[in-house]
Each structure stands twice: as C-alpha cells, then as structure tokens.
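Please read through the structure below; I'll follow up with questions.
Each chain gets a letter, A, B, C and D, in the order it is written, and its residues are counted from 1.
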Amino acid sequence: MEEKEIRIGVFICHCGTNIGGSVDVPAVVEYAKHLPNVVHAERNLYTCADDGLTAIKNAIKQHKLNRVIVASCTPRTHEPLFRSTCEEAGLNKYLFEFVNIREHCSWVHMKDTEGATEKTKELVRMGVARATLLEPQEEMKIDVEQSAMVIGGGIAGITAAKTLANQGFDVYLVEKEAVLGGMLRNLYRLFPTGEDSLDSLQPSIAAVEGHEKIKVFSSCELKEVKGYIGNFDVTLLREGKEVNFKVGTIIVATGAMEFEPKGHYGYGKYDHVITQMQLEKLLKDGQLKKSDSVVMIQCVGAKGEEVSYCSRICCMVAIKNAMLIKEINPDADIHILHNDIQAYGAEYEELYNKAREMGIRFIKYTPESPPCVTMDGEKLKVEVYNELFGEQFMLGTDLVVLSTPLVQHQGGVEISKLLRVPLGKDKFFFEAHVKLRPVDFATDGIFLCGTAHGPAEVAESVSQALAAASGAGIPLSRGFVQIEAISVKVDLEACIGCGFCVEMCPYQALDMVDGKLEIIEALCKGCGTCVATCPTGALEQRHYQNNQIISQIKSIFHPVIE
Amino acid sequence: MKEFDPKIVAFCCNWCSYAGADLAGVSRMQYPPNVRIIKVMCSGRIDPLFVLMSFLEGADAVLVTGCHIGDCHYIDANHKTKNRFEFLKEMIAELGIGEERLRLEWISATEGEKFADMVKETVEKIKKMGPSPLSPKVMQ
Amino acid sequence: MKGCFIAWATDDATRKRGGSGGFVSAALAAALDNNLVDNVLVLKKTSPYKATPIVTNDPKEVLECAGSLHFVSVNMAKYVPPGRVALPAKPCDAMGVIERAKRGQLDLDEVYMLGLNCGGSLHPKKAKKMVEEMYNLDPDNVIGEDILKGELILKTADGEKALKIDDLEEKGYGRRESCRYCETNIPRMADLACGNWGLPVDKLGKTTFVEVITNKGEEIFKNAVDTGYVEFEPASDKAIELRDKIDNVMKGLAEKWHKRLFEPIEKLSDSERLAFYVDALNRCIGCGACRKACPVCTCGDSAKCLIEGDSNYKIPLFLMVRLLHLMDSCIGCGRCEDVCPAGIPLTLIHRRFAERMQNKLGYVPGINLDKPPYFEGELREDS
Amino acid sequence: MVDDVLVIGGGVAGIQASIDLAGRGLKVYLVERFPSIGGKMAQLDKTFPTGDCSICILAPKMMECFSHENIDVLTHAEVKGVSGNAGDFRVKILKKPRYVDEEKCTGCGDCVSACPYINLPDEFDMALRSRGNIFIPFLQAVPRVVMVDREHCVKCGNCQVICDAGAIDLYQKPEEIEIHVGAIIVACGFDSFDPSGIKEYGYGRYKNVITALEYERLVCASGPTGGHLDRPSDKKTPNSIAFIQCVGSRDVNHNPYCSSVCCMHATKEAILAKEHYPSMENYIFYTDMRAFGKGFQEYVDRAKNEYEVRYIRSKPGEITEDKETKNPVIWYDDTVTRQVKRLEVGLVVLCTALVPSKGIKELADVLGVELDKNRFFKIADPLYAPLDSSREGILVCGYCQGPKDIPEAVTQAKGAAARAAEVLACLGA
C-alpha cells in the first residue's frame, strides 16, 4: 500500500437530545478538530438521517477524507448504513470507524454532562487512534462449484437429492448398499397413511434414479474429501476403483441402525424374543405366527447406561405394530410395558388413544424395577411391577417384542472422521447450534439430516432433508460465498511453526503442512482466538489488528494536546 | 485536590457483552463514566498482552468480558479466554497490584443490568483501593 | 532391556578421559560409527571455564570431548541441529529439548538424549573468582573438576583440593542459584540417565550407572554394546537404592535452598513485592540476551514480547510478556539470569510466577509432550 | 410467473424461511401482525436443553432479516386477500397505522417518557408491566421504532412536541398494498391457551397461579422484574414452585393433542429457578414425561439429580389458596401411597396447551387452504411432503402446522424455503 496522508473526518451525532442532552457536542467537535490526522469535524442533528448521510458523502469529496468516523449510537444497528454511505462516496467500507457515544455514554451518564462530555472526547480520541491504522480490505469471494454430494440413499438422502436436482443443481448421491431406500426398505406399513413402506418409497427412488441431474453411486464407499465450501474434492471407491469429482456442498444423510439388545430380556436366548425391526420383517413377509398374546417392552437399552437418550420413535412404532397385530388377530392380547409413552404432537396422541380403545393395554414400569422375561414351559412369562396399580403382574405370552433405540453405526463414525465434523455425546452427528442451526455443521458447506442427526420418523427426516437442501442450495444458487474481511492472515517469515494456533481454531481453518502454517480463509470466521494465541506477531486479524487495538489502549491514557 | 477518578478498560465481544453494554444504555441504567470499551469480535481475541499493556499504561482496572460459557458465537472460543484469564489472574496476584483490579465476567446480550452493576461495583471498589500502583502516574 | 546397568567404555583412553567410565562418550561415538545418528551435539572444552557446543559426525572428535564440565552453564537445547542427532543432556538440556519439540522446532523421534545426572553447575565467571579466593589457586592451572559427596574437587597438575559445597555457597560461590533449588537431578525425561550416583566404591570413577528409560535409549545402549564400544553388567538393587538415596539427599538440599531463596519474597506484602519486582525489572536495558539464551523461547524476531511499550512503564512490556508466556513453560534452567548484563535475578522472578501457575495447573514443562496449558483449547473447569 | 415469495409470520420460523430464501437471491416479503418481528421466542428467557439465552441468539437473526437487502419486512400488517395460483399469486396486504413514520423514528424513546398515560398492560411482558400509549414493543424490538396505541390515546400531543425527528403522525391512515408472488410460506405460530376456563386450577382467581409464558417474562433479566422471581401477590420470592403439565392439552374437553414442548420447558424453568435461588424447591406434575428430543432425556436426568427437581406423576385435581399466605395448595393423587395429598407451594406455573394462533381460521380462508380438526394447517402428504399445504404453492411450517419445538420449527422453515424454491424452479422450467 502506498504511503498516503491520513485524512480523517469526524461526524458527531446529537441524536436529537439523546446525545446532545447530556454531552456538550460542540465542545467535542472542537476537541476532535485538534486530534492528529483529523482534517474535518462536524456535528449533525441526526447523522443517520438523509442530510447527515449527504454531509458525510460531501465531506469525503470536499476534504479528500480517507477515513470516516461517526460518533453516535451502536454499530450493531447502524454500522451497515454508514459503511454503505462511505462506499457510495468511493471509500472502502473498512476505513469507516464507529464510536458508540449513545448506548455507552450519553444514555448511561444522563445526569453527568461534564463526565459524559469528557468521556465522549476520549472515545472519539480512541476512534481516531484506531481509524489512523485502519486498512482497506477486500472481501474474499469464493466461487462455488454448482453441484452437491448427498451421502446416504435413505429417505432423507433421496429427498435432499431430489429437491436440489429439481432446483437445477447436479447431485451425486452416494450409497454404500446396492439399492436405495435405507431403513424404510425393511419396514412393513407406515403411520399415519397405512401405506406399504417400500411401495410408498418406490416413486421417490424412481424419480431419483431417473433424474437427469442426479448421478447415483450405489455400492460405493467414500474414501476422501478435501477442500472447503464451494470446492470440495471427493474421492469414491467403486468396485475398488477411484472415482473423483468436485462439489460445492455436502449433505450427510447416513442414517442410523437399531440397537441390538444382546442379553436383554432373554434376547438371543429365547426364540420368541425379537426386536421391533424383526417384527416388521415378519409382518412384511407374512411370517408372523398367530399370536394370542404379545408383550412389547419399551426403552430396551435406552434412557439408561447403554444409551442415555430417549429414541423418540419407538413408542409409536410399538403402538403401530400392536395395532397391526390386532388387525390380523383382533382377539390378541397385547401389552405394552413402557416408561412414559412418547405420543407427542397431534396425530400420535390420537393414535395412542385409539390403541387404548382397541384394547391394547399399557403398563408403566419403573426403570428401578424393570420387567423380567423367563420361560415357563413352552410359554414365555413376563413379570412386571405396575407402578400405577402398585402390583406385580404376571403375563404369559407367545411373543416378546423389544423396542430398542436407534444408534449411530460404524459407517457414520467413519464419515465423521473423514469430513472432520463432530459427533455428540450420543454419537449422532452434532449440529452447529442445537436451537437455531439444527441441520448445519459448524463447518461451512456441510449439512446433515435424517436419523444421522438423531432418531426421527419419516416426516421429520423429510423436513430435515428439505432444510439441509435449503442450506446446501443457498451457496449453489448464489454461485459464490463472500467472506467478511475479518479473517486472519499469516506472515510466514515471522511464523515459527509452533502450531499452537492450529488446535485453537474452532473451525479447523488452520493447518500445519510440512511445518508451515496454512490458512483456509474460507473456513475462518474471524474470532481471532488464534491471533491472541500466537506467541509472535505472525498471525494477524484483518480489521482487528494488534496495532489497532494497542493504539486504542494507548490513546486512552495519552491525551493529545495540540 | 481532585478526587481520584479511576480509569477502567473493558474488552467486550461483539455478540454478547458489547450488546449487554448496549442494553444497559437502551434501558438507561446509570453508571459512572470511568469505563472505556474496546470491542473485539470474540473474547478469544483478547490477547493477555492487551491486558498487561492496559495496566502498564495506567489502567486502574481491566474488565475482560464475553459470552457465557456455552453461548459463544464461535463455538467454544471463550473457553480459551477463560483459560488464558487464569494466567492473567495469577500474574496480577503475584505482581501484587490487587487481584480485584482484574475481572472476568460473562455478560449476555440481555444482561444490561449486569454490565451496569459490574461497572458500578468496580468503580466503587477501585475508588476505595486507590490508583493502581503500576500506573506510571503513581509515584512509589 | 530397559532398566539399570553399570556400563563402561571398552577403550581405556575414553574411560580415563571420561569422568566416570566414559560410557556417554563411547555410546555417542558408537551411535555415529554405526550410523544410528547423523550428528552428535557435544560441548567442546576450550578451557575449564569455557566450552562451545559443536555438531560433529566424527566419532573421534566426540571421544576427545569426554569429561565432566561443571563450570559451564550452556543449555544445549538451542543448538540441536536438524536430522538424527544424539547429545549428552543435563536435566535442563533435556527439558529444553522437549519444550522446543512442542514448539515444532525439532522432531523428538530423531533426537537421542543421553541424560546426565546433575547436581548443579557453576557460572564460569563466578567459578574463576572462587578458584582464586577460596581455593587460592590460579584459575588457569585447574585441569579438571568433580563433585563428589558434597565436595567440589579441583584438580591441578599438583594434585586435588576439595572444599565443601555448602561452605562455598554460604559465601556466595558454588553452584548457580537456579541449580541450588533445582529438584530434577536425574533426567528421567531423557532416553538414558547416566551418572556416577549409585556406583559401588570400587567402581567409582571407572564405570557409569546407566538407566535405560525409553525405546530410543534402548536403541542407543544396544548399539554401543553391539559395536563393542561399551560393556555392561546389571546394576544391583543396592546400587539402585543408593542412587535414589543420593537423589533424595539432593532433593532435600534443593528444598532447603528453595525455602531460603523464596521465603523472603513470600513474606513480602503485596506492595513490597511489587516494589521488589519494579526495582529489579526496571533495571532491564532491553538487550534481549535473556530471550536469546532461553531454551524455551523460539519466537524469533517477531516475538510478541518485542512489541514496543512506553518508556514510562514501571515494568518493561518485554519482561511482562515474557513472564506471562513462561508461566507454564519455564523449566528453571537459569540461563536468563546467567546472561543478564543488568544483574536482574531473572530466574528467581520467573520461577516465582511459573511455580505459582505450574503448581496450580499440575503441569510440569519439559517432561513429556503435553501442550502448555496456555495453549490448551479445552475448558479447564475452575482451575 | 414471478419468483418473489411471501412469508406470513415473523417468528423464528418466518425469519428463518425469509433469510434462507433471500440468501438465494429471491425477493421476500415478510408480513408480521405485531409491531415487531421476533414472535414467541423473543419472549422466552432461556432455551432448553442448552440454556442459551433466547433473545441473545434470536436478536442477531432478527437484525439480519430486517436489514437484508432482499427482504421487505412489513410489521403491524395483515394479509387480506390472495388470488391466482402457484407461480402467480396476487396478495393484498393491509398495513395498519402505527401512527409513527418508521423511516424517521430513531427509537430514542423520548416520546415514551413524555406520554402522561402509562397504565396500559404491556402485551410483550404478559401484562406484568404497564406501558404508555406510545411505546416500543420491547427492548430488542426490530424495527426499533415506537408505536401509538390509538385506542387509548387522548392526542395530548406531548409526544409530537418532544420528537425532534418529527416522526409521529397521529392521523396516519391504514394502507393497502398489493404484491405479486410465486409462492407463499405460512409460519403464523401459536398462542398460549387461556387456562381461566379450567376453574379447578383457579387461574385468574389466585394471584400466585400463573402461566408458563408469564413465568418466562418473570425470570428474564430484561423482563418486568429484572429477572427477580417476584410472585404476583406480594412481590416476594417464593420458596417453592409447582409446574403443572397438560393444562388444556391431552384433554378431550379442550385440546386432545400433546403440545410437545411443555415437559421440557417446565424442566428448564425449574432449573432456572434453582439456578437463581439455590434453596428453591421445584415440583413438576406430569402425565407422561416426554423428553424425546436430542439431549432431552439427559436434561431431565440432570434436573432430577443435580437440580433436585421433584417429578410427580399425577394430574392435580384441584388448586386452592391459603387465605393468609396466598400460597396455592395443590390436591393430587399420590400414585405411590394411593392417597389424596396436599402440597402447599409459593407459586404455581400452569404449563398450558399451545394452540393455533388467533385468526388462523380467517387466514386459512384468505389463503384457501384447509385446517385439520385441531385447527392446525392440514398437510397434503403427511409422510413425503410434510410442508405442503392443501394448495399448491403454499407451504406451511412451524407450530401452525402442529406442535413442535424451536429447532423443529427452524428445520421446517428452512425446508419450506427449499420447497418454495423447488416449486418455483419447477414452474419456471
């Protein structure tokens, strides 16, 4: 950058009486005029009003200002406005400096005009010190490859792929099995429509397989993913051979699997103790033997030591399957032993009530005294303490069905390592923010949906898939991502390669490659934690440089008298 | 002689504590005009060097503020702030300038009152303690 | 074959030149000879009070450098060349090497540290003066020195003269201050720990007590044996016990010195302590010698401690930042104090700050590759 | 065919849908009935299970939405008519007068203190605080401009005199605008069920029986009490609180469905009370503990073990009041001893049902879409198109199509945005 004379313009806002009422604004203007590098200072009734903004633009031209300071309210609401005003007058927006003299001064020192005025002067002085060292910045634009990869060909992956493709983007759908469909392939009939699971899924599978924008890679394994948002380099393994392509965004829809209840309630020991998934299969194949009595046990392995969470969907799966058995055999005696029924929402509660009307019986057990399954001759015997009645119940039964939670599978764990995205305590993929970013990863450009995120039913998985497609579609439709110029940069000459900054970065934007620090600017969010860590001056944060902050500190204690 | 008027430097993060200071203003909570706020994007950016320098320049107290643990806008960058602060705390204690002169507070965007109270308390305390012995203005 | 052994150089000359059996020099030479390492870093003695670190690939040169050096306080860590290298390492050398490895300055897998038990070293300038005033000898006539049973023995052509170290230190001579309270005598962070502690009387001066600690240590020890440079026998339980006993005696002594040196500061009030620090640290002339000598500091010319402060600061920003950055990482080697032209008791001050933090965190620098807590990302719960 | 999109409702779902669409470069009109965007989430104190401060995480989104160049935020406005088809909807919007020029008002609040009438219930703070005729909806309101409650205003003109910006126009007229959009996303949220109809719980009769939303304002640091849990009868902190679940939900007489979020927000509220006041005793009366979301069961476990929250599986039959202390007394069946028990507490919080928002029927009629029997929006295909309403080009997301928590609402909002983009792309092709 060429050495240029610093010419600062200072605009002090009265904000009606909001600032002017407790700060002697004219005195501050006089003071500002005498600060180093200040060539122009004025006051406005409302700097944010049209005439105030015009005054800024005129002064930039007239006084050849190359730094602008507005002292008024908070940058959190008004900085974008003043920045764009500067830009309109041809001044780089990073050469604008905001001084907050309302929220941080006039409004909190309303009865202390002298104190507030002195403080305002100092705040303006700090602003001038910082503005002097500001540098123009270019916001980085990263071109985005117009395609996406969806990992996992279950209902979530299928939906996400279809939505993106319908919007006109190329999609690579990667599935490790030979066929698409995922877990839904193995289910019998679905709630609430009663459709056959696979039948209902077929149109979606066909739409995806026949879509001109979608390339389906079944029986494929993900080998490597490099790069960052807009520019991911993907390597697949298909029949032992490598396939390479580039995508702009990635959606993780790798699903989950059923927990195997080994050692629970005689599972593996007695033939007629099965899981809900096994029951679905029997129903689907018409292989379920006529059962006059069935006992279902909920939360097997869940809400406890093995799996701490509630698996959300099992209560409804159990109720649905109990009702299907009742359809086949209306006289069947069915008990569901549960630890609170999760019939959340509108339809589920209705179904729960209907099940009770049909004569399916619900017994609440306590985790402290869980049911006990034994063999009594030819029949299974289930003992349970009914909390509500305070009695021990004895149920003879033909079939015991265990409702087990969905859990992460090994494939998911590997994908997490490969993409460097985190898993939570529950081993499911961990989103960027539990509340407001439920389908994003902290890493830009990678999204998640379906049971990879946690147990979910079909509609929930579909909603998540659409949401993930929204996130993944935004950079694709814009064609670029722009990054606020507050990212970090490294002076490699000064860098000693200690690498301590690498682990400090919450976004994995830093990496040591052959002893040299590399910054993936596209990943940097500008927190500056690495800069504070660096034992040398090698790392710097744009717009929050060490020297800028230091000058602010020094200016607090060094009055300038000219 | 003029009454001792402490100078306090406060480092605030853009997302929570700066917004908390804003809210104190919006709610017109009154506090003494002794604090000077320096805004950074994240409390993780606060290099302990800035704090040491503030004291050497003459700050009578330094406030390090950020989002509550778990609320950090940058995933967990404030964990690092907390860890580094432990170093500063020990350092200030060992130097013998009074541990109360350095304070770490997590202030959310709704805690305008907490911000105002923090400033009020600190000013009161520092007025009782007197100027920082590390300040260049104080003769020993 | 990890464990404790008694070993000695097979070559007579080496055994004689070496203070205690010549094992270290022989093993170093053997490592070079058999291409286990590319280079060896050793101190080349130019006078009893001066030695220069040299990097060599000549086994002969290594053997010529044998012998103990109590009057030299160089820290070797800064001189470790890239590539496979072996070096003799006092505890503070080894700790410096490990700290530098943490900072990406060297690859610990390539560095073989033949640790040397250490009861302390003497500052060369002070040593000269001591020779004149306490031993009544001409410093230039001293041809060798040894520390044995609490006595410092000087050798001249005419014979030996021994004085009690305690007495010397009472009079302000003897070991460097940082050595007096150093509790790390046996370098267990190195690959081998060698010395004469624990040797039976008949083997004293003729053999080396060697503890093989790591796989690398095993490699170097085996190599020395296989190449015929060294012979060994297992150390008896009694020898091992004896070594521990000596170690404990040294530790006890260090504790006493620690108390004696640090208690006066401990007892100061806050304002007195600040006055002490301001008085001492303000003597700094900003030459930067302490930073250059510090084995932990790897920051180079852009170090943050070099950011300019203001001349009116009561404590130079330079030292403030160094104190901060070394709070978790100071290994107490004493080099900063050795080289300070302004005579600031730098090591003492660094240790005050560092011990506070290290004790609190339960972190000991220089013993393994654990990251300094300052650079830890995980939240430390109410530490 | 146009590809602008209308979003109805400025709660977290509407905001998220708008941001996602605008991010794609589509023009968005966001219509909000109330004078500020933010919705119910803005009223909450903390969120479960992470304890994030609700407005802290929402406010940046509100600002982002409002200042987005592709989003036109129309607050204090209602959709009055929709004609046409997907890809080509004509929408009439009524902008109700707020009697303040939004462009000129700087939100300084001088006029607020100038208003001589200050005894109106503040809607945002659940009437726990009073406001004047001219007021800012709440501290973090977006846009941060005042509005005049003309119903009670006597036009004294004080506010006009004090306003340097000349922003106040007490004779402002309603304005009707017509826009042309390709798709519509509805995210009009929910209301809290009014429990005064459930006589046995005494809401409205007993001062210390409040609703969960009122409780949220009470514990919020920027709420009417500054976060001090002052119970209504004597402004003192109670020693114990009972939270009662399923008030008006899972109840055939009122709303048969489960509101889905109450078990968790009660747990959170109990934890907050314990955090503020370590000696607080918390009781939660529940029917089934529904902790089915990510990290919820663990949260409940922590509430039990670390925060000593007592969970009682029982639906209280009646609440009475101790005349002296004004303490509510809860009568319930103890499932362990099978006896009717009495529990006196300092405060009762009714976790009421959350119901479709007022005016949903009128809106559905205007939009020409169907409601289900619970008066939530009906879904075309509950399995594979969970965000499509009964009319093509109109998507529904958030609580207005059935009970859900914040992340689910955000998920659906994003999903609806993707569906809107997909519909528009397919129509355009």
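Here is the rule we use: a contact is a pair of C-beta atoms (placed from the backbone, for glycine too) under 8 Å apart; a residue touches a chain by one contact, two chains touch by 3 or more.
Bear in mind that the values here come from a model prediction, so they are computed numbers and not experimental data.
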Any chain that touches subunit C and subunit A: B
Centre-most chain [mean C-alpha coordinates]: A
Tell me which of A-B and A-D has more C-beta pairs in contact. A-D
Specify the chain most distant from subunit D by Cα centroid. C
What is the distance, in whole Å, between the centres of subunit A and subunit B, each centre taken as the mean of its C-alpha atoms? 32
For the pair subunit A and subunit D, the C-alpha centroid-to-centroid distance in angstrom is 23
From the mean C-alpha coordinate of subunit B to that of subunit D, what's the distance rounded to whole Å? 36
Please report how many Å separate the Cα centroid of subunit C from that of subunit D, as a whole number. 68
Residues of subunit B engaged with two or more neighbouring chains: 19, 26, 47-48, 53, 57, 76, 80, 84
Give me the residue numbers in subunit A that touch at least two other chains, ranges are fine. 76, 504, 533, 546, 550, 554
Check: subunit D positions touching at least 2 other chains come out as 50, 52, 57
So how do the chains connect up here, line, ring, star, complete, or something else (other)? other
What's the complete list of touching chain pairs for this entry? A-B, A-C, A-D, B-C, B-D
Could you list, by residue number, the parts of subunit A that touch subunit C in their complex? 491, 493-494, 496-500, 503-504, 512, 515, 533-538, 546, 550, 554
Along subunit A, where are the residues that touch subunit D in the complex? 15-18, 45-46, 48-49, 76-77, 80, 155, 159, 163, 166-168, 190, 192-193, 195, 200, 204, 303, 308-310, 312, 340-350, 353, 364, 387-388, 390, 424-426, 428, 433-439, 453-454, 458-460, 462-471, 473-474, 477-478
Complex contact set, residues of subunit B against subunit D: 15-16, 19, 23, 26-27, 67-68, 70-71, 108-114
For the subunit D and subunit A complex, residues of the former touching the latter: 12, 16, 20, 23-25, 47, 49-50, 52, 57-58, 61, 63, 67, 104, 106, 108, 110, 144, 163-165, 250, 256-258, 260, 288-298, 301, 313, 335-336, 338, 372, 374, 376, 382-387, 402-404, 406-408, 410-419, 421-422, 425-426, 429
Residue ranges of subunit C in contact with subunit A within the complex: 102-105, 298-304, 307, 310, 325, 371-372, 375, 377
